[in-house]
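So, here's a batch of structures to check.
The same subunit A turns up in both complexes below, where it pairs with subunit B and then with subunit C.
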Partner chain A sequence: MKCTRCREKAVVALPSHTAGFCPPCYLLFVERQVQKAIKDKKLFSFDDRIIIALSGGKDSLALAWQLKKLGYDIAGLHIDLAIPQSSPIARDHVERFCRAYDINLSVLEMEKLGLSIPEVRKKIKRPVCSLCGKIKRYYFNKFALDNGFNVLATGHNLDDEVARLFSNVLSWESAHLGDQGPLLPEENGFTRKVKPLYRLSEFETANFCFIAEIDYGFAPCPYSGGASFTYYKTLFDELEHKQPGRKLSFYEGFLKRGRKAFTRLDLEEGVKPSPCKSCGYPTSEESCGVCRIKHMLEQS
Partner chain B sequence: MQITVQPENKIRDITRVSSVLGLLNRLGLKTTQALVIRDNQLLTPDQPIFKDDRIIVRKVASRG
Partner chain C sequence: MKCTRCREKAVVALPSHTAGFCPPCYLLFVERQVQKAIKDKKLFSFDDRIIIALSGGKDSLALAWQLKKLGYDIAGLHIDLAIPQSSPIARDHVERFCRAYDINLSVLEMEKLGLSIPEVRKKIKRPVCSLCGKIKRYYFNKFALDNGFNVLATGHNLDDEVARLFSNVLSWESAHLGDQGPLLPEENGFTRKVKPLYRLSEFETANFCFIAEIDYGFAPCPYSGGASFTYYKTLFDELEHKQPGRKLSFYEGFLKRGRKAFTRLDLEEGVKPSPCKSCGYPTSEESCGVCRIKHMLEQS
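Right after this comes the complex of A and B.
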């Protein structure tokens, strides 16, 4: 197979774009996809202070690498979840990456905050992925606001977004459908959240990391077995195989034609967030999700 | 040929496949579900593979 752009030998084949790329042209392809996402969705500018949530996996490190190369004002934030089998490895990847690419890094240790994920899992009988997600979102947002960052960027890719959209459609979660997308503007105590990799699949970010020689962690979280999103990703891989490009057209189609209706519905029927009575974090309940988790840990 | 499947790091001995596409089919993977690496080089599905090759198949789906 030859590179679609320069006719050298291709190393990545992308059926969704009916294209193949050699290493230099592939790096250019990814850069253009990220630039298109930033420009089309008005995600941020060179004047913004961007904090990137760095897990140590391929997507977040690829995002940091690309935004650094493009010259944006970025810093990294890693949340150490204190999971013995995976957290030290993830943190090591992030720390080495940030040293190598001269990216300012902050680390929040959940154990010091009384929220180590193994403890949360042991004491609260609810799906741990949901609790962990809640805790991470809370601290990413809080850190950004407390430290003068006006944009929080995450490495969510097309597969993540399509799996989430599918999950929300299956249960017709109108509030979640109304605010799903690559840009969530700053409002009600939430910082602006952006997903510049939303046009790139996991396959594309994995190839990107390999070619850019980004050393990422690919060991799965030991608690993620049976997660429904993993199953939805497999379903959509089958569909994409039969109909290349379907994932991106499904997601872009939702953003163009579906999302507005749910946003309107949520405005009419949804609950406007108010500050948590304990910590001030925006919530639709009296106490926010993280304060409720802390309370449950104290009671157990 | 010796195949290392990541992230499980399972080593499999696979015979009678002559292309990357054939290898992925044998492993039950679609072409966009894994990187196929030989001698630190990425391989596209149309590439031939040989019986003495040592190949890494790195699945791309992130879990958690």
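Right after this comes the complex of A and C.
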């Protein structure tokens, strides 16, 4: 197979784009997908101050690499969850990456904040992935607001987004459906959130890291359930194989035609958040999720 | 495994209902699912005159058997499509079934109406399944209106409905999503359409026919593509296996929470049909689909 762009030998085949690329043209392909996402969805501009949530995995590092190369004003934020084995590996990859590419990095240590995930898991009898997600979202948002960043970027890829969309569709979660997309504008005390990799599959970001020689971490969380999301990804991989381009058309179709239906319902039925009585974080209850977690930890 | 209801030996296991049944209790289970569909969705009453579209397959015959047993005012309508091999087998099953159960049957022969499907297929270069569907819907509706039936019942089962819903979701067909469900009320020259088997899977209706000793036809249409629908059914069979009850909760969730979003959009963006200039059938164009097919056949 020859490169669609320069006719050299292709090393990556992309049936979803009816294309194949040699290494340099593949890097260009990824760059253009990211640029298209940023431009089409008006994610951010060169005037914005962008903080990137860096987990140390392929997606977040690929995102930082690409936005740095494009010249955006970025910095990195890593949350050290204090999970044995996986957290030190993740942090190490993030730190080495940021040193290598001269990216300003901040690290928040959950242990120091009294929220080490093994503690949370031991003391609170609820699904730990959902608690951990709450904590991370809280501190990403808080850090951005406290430090003058007006955009929070995450490395969610097309497979993440499709699995989440499918999960929301399966249970017809109207509020979540009205809320899903590569751009969540700043609102009600939440910073703007963006997902510039939403047009790229896991296969594509992994390949990108390989070709760009980005040394990413692969230390799966020992607590990770995520079984149904992993299963939905497999399911859409099969579907993509039979109907190349389906993942992207499903997701883009949702953004163009599906979401607006739910956004309206949401506006009619939704509750506006108000500040948490303890910390001021926006919440639909009296106390926000993280203050409730802290309270439960104190009581246990 | 013992019967959930009477503790005799079970012959059918239904993980989606966390139940198993012996033959008599299984028939009762199916009866109750049909009654629940009729009652919950207000499909029809004992005052309605119901025409059942009988293809000769397991679903339509199971439906007729059940509605007859429950004492509804029913008659059958079969459309003979004149497809070699499959049509004579289908018609034969329908005729024998209606004789055996004393059900009034009408047969419309497409050949006599100048619309034999092999002719249509030969002369019109469009996907034949979509043309055939148009023709059947047209004559089911017309027959009901011309003959004083106010309800048209079809044997669509849960798998049919879930595959169609998934297909519409994949491409976010707002108009079709606003329009899908077990009850389409009488409107704009279309008779009321109902799907009383929507709570039962293919496995369940096939088992029902086996236990009720209903001799149904299995002569797949030689032109049938339907590849993607078949694939979506397989895909949801896998999902159902991992998450028992998922098909029904996906579909019921759509009816309860999803559809209303699209119904609204549809009302805002939709076009009201007006009568076809040739035959009076409701259509959004000048001529209805079947008159256009006839016109194309004349010109070929």
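Assume the second predicted complex is superposed on the first by the 298 of 300 C-alpha atoms of A that agree within 3 Å, B and C clash if a C-alpha of one lies under 4 Å from a C-alpha of the other, contacts with A are read in each partner's own complex, and residues count from 1 in each chain.
The definition used in the following text is that a residue touches a chain if its C-beta (ideal position, glycine included) is under 8 Å from a C-beta of that chain, and two chains touch if they have at least 3 such contacts.
Since we're looking at a predicted model, the values are computed, not measured.
Colleague: Return first, second, both or neither, reflecting whether A:N207 touches subunit B, subunit C, both chains, or no partner chain.
Modeller: first
Colleague: Count the residues of subunit A touched by subunit B and by subunit C, then name the partner with the higher count.
Modeller: B
Colleague: Once the structures are superposed on A, label A:G253 by its partner contacts, choosing first (subunit B), second (subunit C), both or neither.
Modeller: second
Colleague: After lining up the shared chain so the two structures overlap, which partner does A:D237 touch, if you call subunit B first and subunit C second: first, second, both or neither?
Modeller: first
Colleague: Just checking: does A:L170 make contact with subunit B only, subunit C only, both, or neither of them? Give me first, second, both or neither.
Modeller: A:L170 sits against subunit C, while subunit B stays out of touch.
Colleague: After lining up the shared chain so the two structures overlap, which partner does A:D159 touch, if you call subunit B first and subunit C second: first, second, both or neither?
Modeller: A:D159 sits against subunit B, while subunit C stays out of touch.
Colleague: Taking the superposition on A as described, I'd like to know which of subunit B and subunit C A:C279 touches: first, second, both or neither.
Modeller: neither
Colleague: Would you tell me the residues on subunit A in contact with subunit B in one complex that are also in contact with subunit C in the other?
Modeller: Common to the two interfaces on subunit A: residues 238.
Colleague: What part of subunit B is in contact with subunit A in the complex they form?
Modeller: Going by the criterion above, the answer is residues 6-7, 30-33, 35, 37, 41-47, 58, 60-64.
Colleague: Within the complex, which stretch of subunit A touches subunit B?
Modeller: 1, 10-16, 20, 57-59, 86, 129, 159, 201-203, 205-207, 210-211, 218-221, 223-225, 227, 230, 233-234, 237-238, 240-241
Colleague: Across the complex, what residues on subunit C touch subunit A?
Modeller: Of all residues in subunit C, those touching subunit A are 169-174, 228, 231, 235, 238-239, 242-243, 246, 249-250, 253-254, 256-258, 260-262, 264-265.
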